[in-house]
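Below, chain A partners chain B and then partners chain C, in two separate complexes.
Up next is the complex of A and B:
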């Protein structure tokens, strides 16, 4: 595969989708509005909508989609399993529990503190997952995600129980399902942090590739495996927390995107990480567009759309793999 | 000794039986709205969606799950024994935060052990607890006072009448109904020609819209505020919308229910959420006609009771008389 030959059309496709995303919404924003924004500064209503609502939303989608996909890729290397991602191994659910605890103890918490708390919980949840995993001997491909699903189920039930007791079920639901409808200027900027973290993951890509080969292999190559895992978990936790605080849990992106990319590019993180980020952004854009269009002028949350499309894609992926393996 | 015990128990059984049959006779004779009947009323029949229920008159132990019904009983001057556990009682119901009232479960889920242990004469449920009426009916006669969103005011009046009859305060009930109607009429007289309105609820930083016929549809259907968008479909938690939807709808009045505040958890407040360029460009914002409703009243009592309706209509009367 020659990367450059594919890179140009890929960037073009993403740009076109992002452009369409700018045009779709309740208010009227036309191509002319966008042109006007770049040519001369006019302060009409359509331009305001574009600047205050459309651009932030599109940026938020690009950032959150790519960050969640990269987080999934990292987690798959660290857990040495292709079927895990932040929302199937307790990271996202733990971050959600952190949000709930924040709402209970300190409702007026500034958004950074909220994210910090969510990240600490996410760290703890991910660490718990890896600890449980290290004690399991039988690491067959499907056992690992099953352990993760059981663990996230337990954490989510605990969160639900607390929310139920304190009459916060609907508040909790507002971050359990991702939704970009309330994204405006000033309410998405936290996601830039996830971009920083994603870039860090890109820089450290080679190390994560080695980590994906296991502790013994990594240690033999002179890497501090434990520290690397801790760093990876921190990256995943911060990304997940920033996305959940801003829009809520986005399911499936981190699971499906790295797997699809892996089918084409292979297991080398350095080669695949940019493609994973690209495809994650693309998938987020498409799902959000669908959600905005099907019952316009109202919206279907992206979490719901992603759940439907993602589970179908995941099934297809599993079946395709079985076929390839001759099962 | 044993003979005495036997005969004594026999007598008491007989007398209970006789009283019961008299009760049943009374119930048969008494028709639902047969006020002024010469017979002393022991109970009366209320037709509900799940069939007829016999409600005792002047019951001693009343347990209430529905907040609007609780406000009705408060206004009627009736004593209740048990109330649901809520994070924070709405202002009109503050007195029930006292420990004198037994907590009988949440707004949604009765604590059946406590309910049974109190040996109630009547249970008043509805709305959030409506699904539990069949189960509660096994413990004691249970009123289902769920508000009919298509006719919120008629519902409220009907419920007030039933409760008035139950606690023997029919005259007071009629008085309260007249006062509520007067409040509504006054507001109606002010809203005509003052522009369109849109009702939104904020919840955990997200927005949903409500229109005519919905649980907050009385703004349009009863109080006469012209809807800025007639097509908002009715759904329990409204339709998920974006800020762009508010701008496009461009109402003269924006009514905001901060759900987080309604349940006593004031987080990032609704006013902070709505202070953005899109909302600020609407007619409502420019005319300073964004009304933050008393969330607890609207959300928990739904204006279906004398206290909440008076407070809420008064707030709107004040807003509209300044416009």
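Up next is the complex of A and C:
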């Protein structure tokens, strides 16, 4: 009963936003153009813009937003902490370093190799984070994101150092801040892979819920906890790598969205994962629209918009916590 | 055994300070004279400006960090970690954005004064807001500070994007110098400011020692706690402004040098720790800059290296602290 009553308006809202996203831009694309696209094949400029640029961009936003949000959700279950996500624990920054190393060693690398390298680095970075965490005995809830944020900073400064040394700062910038403006047909398709991985994560949702209850509990239920964590980290790394290779680091979606959804739906991953994917897509669309409208005809990259909105929301989450603690 | 030998040679804090001073001066001398290929009359002023900048920054960051840690009673918090540097940059960008190029017509010194004034008001407000309520959880505080820093930086990036590109170029040139291209008037002003602040802090060193004992003890010992903390916060805000205006934000440098200074001095007395932080900072900055420039042949990346090492120190401190 309840899910359906909420699902219909939710899907409708997303569809409306996606539709608006198709219409916004320098070159005029009207509702008529979109209708025309479905009715008969016309080859005017507006249709070309729509097919080659607007549709890919909107699709990329939907895919990347939901993928990052689900990756954040998974990571929160695995780290058993509500304040982590790929860009606040070193995963995203490590993937960026992988890209840089790839550009240095093998400039003409095909896109899949790029993603593979980024994923390997992302895995290593996440493993490093988990290793540092395991050295901290007192796992106070807030120390986990704290260590993660600083570790991200350390990895990023190492990347910046290398990039600076080899005159690649501009190249590095392009994947440090996500930007959808260069997304056209043929440049976003890798993101479908992240959709596949996201779906896998959805299917395995129950296990991750159990993993979120801790090693002892999971082992009691007959799950191989270590393997589960390894699989989860692999999924998160591949998703993060595919998004970074295509558009760059989108910060905070993976952090904010699952937390907001949790407030409404609760901790059960199977119940919440679809909502997380939905809200992630929604947030990506909204932030991208803001970025496109605020200084039109120019645009502010989504990474920057998300940085402002995401960090403000993160602060709000933390301060709500402080109020609860009576500080 | 090595430690014992060290202690017999450098037994007193004063001796260790002399050694630090000698090292810092030696590094500075080397910095000025090593590998000169052009005319001395050209090289000396150029390097002199750079050297003065490095010392000024070491002074401003070191002192402000020690003061902040004394006031907050904690060795992991620093003004930069709590986002104060980023706040100062944001103030400048927002001013330049709202007033536009006209803001650049205001004489540099007056503009600096204006920025610092705003910084004092805003950062003190931020501090009071963050620290109200005694039972503040340290981790929460740190996290809020770091995220606030991210927020200020993102907002700053946003303002830069939204800004008229011409205004931005002017802003970039005039407001965000790096270690190499510091404007001389600004440097001169900074020297005057930090000299005044240094004098004030030095005269307050005993009060600081008392403050370090904690709020209750300090009040019992007759310190006007509220007033003293407010004064110190204003000084911190001014010092942060100086260092950020000169070289931009450096998140973990203060953390690195202040903790090294505590380790090296084995004492809590501010007359030792304050001096040691400044000397260590200068030694690290001058030495680091020299190594990077002469050995690796590059220029502005010192702050990146500092960021890297400082971040590692931060994680180390956190890990160690949560172990016992």
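What to note about this one:
As a convention for this text, the second predicted complex is superposed on the first by the 319 of 327 C-alpha atoms of A that agree within 3 Å, B and C clash if a C-alpha of one lies under 4 Å from a C-alpha of the other, contacts with A are read in each partner's own complex, and residues count from 1 in each chain.
We adopt the following convention: a residue touches a chain if its C-beta (ideal position, glycine included) is under 8 Å from a C-beta of that chain, and two chains touch if they have at least 3 such contacts.
As the structure is a computational prediction, the values presented were derived from the model and not from experiment.
Once the complexes are laid over each other on chain A, chain B and chain C cannot both fit and instead clash. Contacts of A:243 after superposition: neither chain B nor chain C is touched. In the superposition on chain A, A:166 makes contact with chain B only, not with chain C. By the touch criterion defined above, A:50 lies against neither chain B nor chain C after alignment on the C-alpha atoms of chain A. Of the two partner chains, chain B is the only one that A:175 touches; chain C does not reach it. Residue contacts after overlaying the shared chain place A:103 against chain B, while chain C stays out of touching range. Contacts of A:150 after superposition: chain C is touched, whereas chain B is not reached. Of the two partner chains, chain C is the only one touched by A:142; chain B is not. A count of residues in chain A touched by chain B and by chain C gives the higher number to C. After superposition on chain A, the chain B segment that clashes with chain C is 114-122; the remaining candidates among 24-32, 78-86 or 114-122 show no clashing C-alpha atoms. Shared interface residues of chain A, touching chain B in one complex and chain C in the other, are 300-301. Put simply, chain C touches chain A in their complex at residues 133, 135-137, 139-140, 142-144, 146-148, 150-151, 153-155, 157-158, 161-162, 251, 296, 298, 300-301, 304-305, 307-308, 311-312, 314-315, 318-319, 322-323. Interface residues of chain A facing chain C in the complex, by the touch rule stated above, are 83, 132, 135-138, 140-143, 145-147, 149-151, 153-154, 157-158, 160-161, 164-165, 177, 294-295, 300-301, 304-305, 307-308, 310-312, 314-315, 318-319, 321-322, 325-327. The part of chain A that touches chain B in the complex is made up of residues 25-27, 45, 48-49, 51-53, 103, 107-108, 166-168, 170-171, 173-175, 179, 181-182, 184-187, 297-301. By the touch rule above, chain B contacts chain A in their complex via residues 86-87, 106-107, 203-207, 209, 233, 237, 239-245, 247-248, 259-260, 263, 265-268, 273, 276-278, 281.
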